[in-house]
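What follows is one structure encoded as structure tokens, with my remarks underneath.
Read from first to last, the chains carry the letters A, B, C, D, E and F; within each, the first residue is number 1.
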Amino acid sequence: VSHVVVRSSVAPNEADVSALARQGVSTVHEAQGRRGLMAAYMRPIYPGRRVAGRAVTVSSHPGDNLMLHAAVEQVRPGDILVVTTRSPSTDGMLGELLATSLRAHGAIGVVLDAGVRDVAELTEMDFPVWARAVSAQGTVKVTPGSVNIPVVAAGAYVRPGDVIVADDDGVVVVPLETATAVAAAGVEREANEAGKRTQLEAGVLGLDLYHLRQLLADLGVTYMDAEGQ
Amino acid sequence: VSHVVVRSSVAPNEADVSALARQGVSTVHEAQGRRGLMAAYMRPIYPGRRVAGRAVTVSSHPGDNLMLHAAVEQVRPGDILVVTTRSPSTDGMLGELLATSLRAHGAIGVVLDAGVRDVAELTEMDFPVWARAVSAQGTVKVTPGSVNIPVVAAGAYVRPGDVIVADDDGVVVVPLETATAVAAAGVEREANEAGKRTQLEAGVLGLDLYHLRQLLADLGVTYMDAEGQ
Amino acid sequence: VSHVVVRSSVAPNEADVSALARQGVSTVHEAQGRRGLMAAYMRPIYPGRRVAGRAVTVSSHPGDNLMLHAAVEQVRPGDILVVTTRSPSTDGMLGELLATSLRAHGAIGVVLDAGVRDVAELTEMDFPVWARAVSAQGTVKVTPGSVNIPVVAAGAYVRPGDVIVADDDGVVVVPLETATAVAAAGVEREANEAGKRTQLEAGVLGLDLYHLRQLLADLGVTYMDAEGQ
Amino acid sequence: VSHVVVRSSVAPNEADVSALARQGVSTVHEAQGRRGLMAAYMRPIYPGRRVAGRAVTVSSHPGDNLMLHAAVEQVRPGDILVVTTRSPSTDGMLGELLATSLRAHGAIGVVLDAGVRDVAELTEMDFPVWARAVSAQGTVKVTPGSVNIPVVAAGAYVRPGDVIVADDDGVVVVPLETATAVAAAGVEREANEAGKRTQLEAGVLGLDLYHLRQLLADLGVTYMDAEGQ
Amino acid sequence: VSHVVVRSSVAPNEADVSALARQGVSTVHEAQGRRGLMAAYMRPIYPGRRVAGRAVTVSSHPGDNLMLHAAVEQVRPGDILVVTTRSPSTDGMLGELLATSLRAHGAIGVVLDAGVRDVAELTEMDFPVWARAVSAQGTVKVTPGSVNIPVVAAGAYVRPGDVIVADDDGVVVVPLETATAVAAAGVEREANEAGKRTQLEAGVLGLDLYHLRQLLADLGVTYMDAEGQ
Amino acid sequence: VSHVVVRSSVAPNEADVSALARQGVSTVHEAQGRRGLMAAYMRPIYPGRRVAGRAVTVSSHPGDNLMLHAAVEQVRPGDILVVTTRSPSTDGMLGELLATSLRAHGAIGVVLDAGVRDVAELTEMDFPVWARAVSAQGTVKVTPGSVNIPVVAAGAYVRPGDVIVADDDGVVVVPLETATAVAAAGVEREANEAGKRTQLEAGVLGLDLYHLRQLLADLGVTYMDAEGQ
């Protein structure tokens, strides 16, 4: 087992990251062909935040946050830390002090396939965290791990430099190579949705807007009146 | 397997629905003899809403929201859409666009034994949804299903025309035939509770209010002082 | 099976309780050597409250809240009720009426390894409850149980008179005998953290603050640049 | 809340029940259009049994098996007891003694949306039980419930007299009215599958047997060689 | 945080342990008033074993089995190791090698509120383990813990020297002080059950055997014939 | 969204695969530095099988097994099919017929991050499947997906051509590039374990074999006698 901390300057385009942050998780997930979504157990510790940033990844031993400290040094402004443990854990790997340190180095949020603590303080700081659990259980700093290697976090494959988008709908990963294309596809999707929204608000049915009536008939769906009416 | 969309004009009495909406889930559940409660995993996407309305039911293939579009056409003002999948799924079957369409046709909320997305937008719209999960995972529109047939949603049996009551405590189903009786029983219960509340606020013990001291004795519960006191 | 209601005047020191309430769950859990934390499934019904108080314990049959009424009589101002069921249950054992009664006798909160209901009303009352589930499912009052005996609640061992601390991070139990020492250790910890916070805010790395660079080297963690950079 | 024990002589045709028992859960579920399957958490306590029988239903308070005793009197040879609790419970509602009593009255198995105990003894007796949990936790006999009313068990709607089919794949409910048609459809399905099995054993591809190649093309699925090969 | 290994020669009576092993989990749990049962997620890795023995307890850091090695030295013939982690973990803390070592020192089984691995080898050795998960994920040996201190394992309070009983129904803890009384109560219960079994086999109904008909009437349970029969 | 079926002849060395199959999941997982383990919810449908083979991967829509049929054509003797769904699903995607087809083309097992059915028949065939659930719920054949692309299955990253090892301990993935090295490391590990086993059987303590006594002392673990002994 070899453990490494990789220094990486690979980064997505800032304009793309801004566009993805505005679009949000559901739009981005659609725009990239429904790939890269983390499991639904990843929830924000408080509602209402929508962020996007470059992934700095951490692979940790469960119950040990040593490598999160190593990761802080690799963080640049606008980054999002993505932490996974080598086996399932809900221990509170990150609290107010680590968040303070991360913010001091420019991190704008954390995605943690493990537990978080100091939730009241983090909410007060307005430092958004997406996690699988809230737990006061602290960690030790004794076992090695890696920073900036590819990881699987909450079922999604994340490489350092990929774009992380997170909001009330969850967390999605956009591969670095496709960030520009996805951001563009998202813009197109937003425009398309705006048009549909106007029609749906006016009462047009999705059955007509999406031309579904023939499909229903082809699938053998029949219409009938309720008995006795 | 035959799939149908049933046009139904069966509807509960408006005054009953209003009463049930005011009473809320816990009172209504008691008033109808503790039947019809959906599983506790059904949670509101934001707190503070209390609604009641006629059920329009949908039975869908997992990962496919075709039949939700068919259902919109069957919605009338004041209705609540109740969606279930034929096998467990957390996919986000409903988002802002479908909610916009549902609202345009008068729906006042959705109960979804599956996933929901666009949570920030739905909160902004103040369109309440009760769901088992939040997930950005979108769906396809290719498999048939049914609208307005009896379904089991989150462990409760729901027929089109039944009354759905939903609030921060969850979701309960009131059969159409008993809605008037349940609403009346709920009114009685509220009055009864108001009286008890006053006494309990004044410090009267439930042991006395409910005459439980003799029962405790009959059950062999004994009182003792802590050792060494 | 013998069932008892124990009258107990054993109580922690008020100043200790105040200190523990201010420190909160994560600090207290650390200060007492990471013992006594309840499982992460115990969540507050609304965010933002931090309380500490003497435990009054209840061991109940699932689906039966008879013994909660017996417990109210044993409550004194500042107490926190800790309720566990003899087998897993999510039934709503406590609602607005019982909370009204508990408050009338001075209770400041409830920790419930079961379900709670009337969440909207409890939020309105600002009466904090930590529970494993929200459920409108009511209970009966027919089976015996015990008050103020040692219990295991959400994986933690609680004796009457122990101090319960609860906030957005969860619930922790401080044994009565060690409350003074833990409160003192918590004060020390807060001071220590304040110093660290200042340094971390200034950009000092945890790697340096905690002297971790040598440890990383000893553990065989190596630094490298990303390929192709 | 009214509680009843319904004496019912409604019963499916014996030949249909035999056919359904031979076909097993997966075939029957297909044959009736993929309806009526219980949740996947319902597992047999030992592998290898396949049964079908008339449902005698029980609605119980959690942690109370009083109504199971009332149900035994309603059991006739070949019946299967279907037990559900009014809120979720894993308590061991049935053990060796109740199974002995059920067998003495002709029951051939139990489907229990709750817990079972005495698993070693039940296995020794070869009395099959499908349950959501194994738990030594016993129950009381103090709260009323109903026998032979419609229930929702593990997500499926079951009425007394319906046919229950259970095996290693789970549990499925066949409505009484459709048992004959479903059994016939199952026979047809078995014949159809036998033909397919022969072809598939011979190496014919499902792509060809089910004519899926054109569909793949229509859906835009493209074939390519791995890079560098 | 102080960590200790306690050398303890406290032990239950051998005859009591033998009796408890013969009675099994469900009988023992009843005989001691339904206390001390571990959570239903604790399952045997293979069916058919029933054991009882003195508890040697271990409190470990998650993902670290250092203290299991310290515990082996404290094991005497007939003991059962009870292992818990300070926060939830499914890592495989015990495999074939540790089991070999434990058996060499006389241990007859392990109860592990964590994961186990080498299940095929352990089955081959006929060394029974009850665990919450099977996982090949290994552990480290770097963090301190304690041996032979009181622990909460799978929701049950266990002190060194208590009797552990485990079989296909799960795991129950009998406090050392009450082992003799519980064993005696179990013998009585077995005799009582034998008599009931004979009657139930002969077709006597539980309704009559337990005199429940009057209770049903008192609770308002009414008998009726199915409609239309 | 583009969907592809990739024809790939990339394959691991047969001797390596044989060695990995003999070593089993826990040894292989250790030998490759504790990477690539699937989640513990992946369980064999019957105990006692240990296999290794080349991965043929499938990415499917939930509730749709169209792409499994496309995958059969890509299977060569000795392969293991690895199936994942784009969102969580427990539907029975594979039963006896598909297994018959897979076996006819040489597949030796299936790893399914979804549900399986026909468990009795598959056991009879001795065709091993590792799955997250057993469910009779069938699937449709209407939505596109991909074969032989990289996937995340049960939390592990799998590329076509990687080696899958599966047994009673779960499922582990060995990257193609490292298969030879891992197989060699496994051989070394087996030899090392054999030596340890002999010593542990003879009663040597792990404390001495692994030189842990000094570590315990350094970590502050102290030894003491139980009170009163």
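Everything below uses one rule, namely that contacts are C-beta pairs under 8 Å (C-beta built on N, C-alpha and C of every residue); 3 or more make two chains touch, one makes a residue touch a chain.
Here the structure is a predicted model, which means the values were calculated and not measured.
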item: Touching both chain B and chain F (chains); value: A, D
item: Whole-Å gap separating chain A and chain B, where each centre is the average of the chain's CA atoms; value: 30
item: Centroid distance [mean C-alpha coordinates] between chain E and chain C, Å; value: 28
item: Mean-CA-position distance for chain E and chain B (Å); value: 40
item: Touching two or more other chains - residue numbers and ranges from chain B; value: 2, 34, 37, 40, 86-88, 90, 135, 137, 142-143
item: Complete list of chain pairs which touch one another; value: A-B, A-C, A-E, A-F, B-C, B-D, B-F, C-D, C-E, D-E, D-F, E-F
item: Residues of chain F defined as touching chain D within the complex; value: 2-10, 46, 66, 68-70, 72-73, 90, 92, 95-98, 100-101, 104-105, 115, 117-120, 123, 133-138, 141-146, 148, 160
item: Residue numbers on chain F that touch chain B, as the complex places them; value: 61-64, 86-91, 135, 137, 140, 142-143
item: Residues of chain A that touch chain B when the two form their complex; value: 24-26, 29-30, 34, 37, 40, 43, 47-48, 50, 167-170, 172, 193, 196-197, 200-207, 210, 212, 215-216, 219-226, 229
item: Contact set on chain C toward chain E in their complex; value: 1-2, 33-34, 37, 39-40, 86-88, 150, 152, 155-157
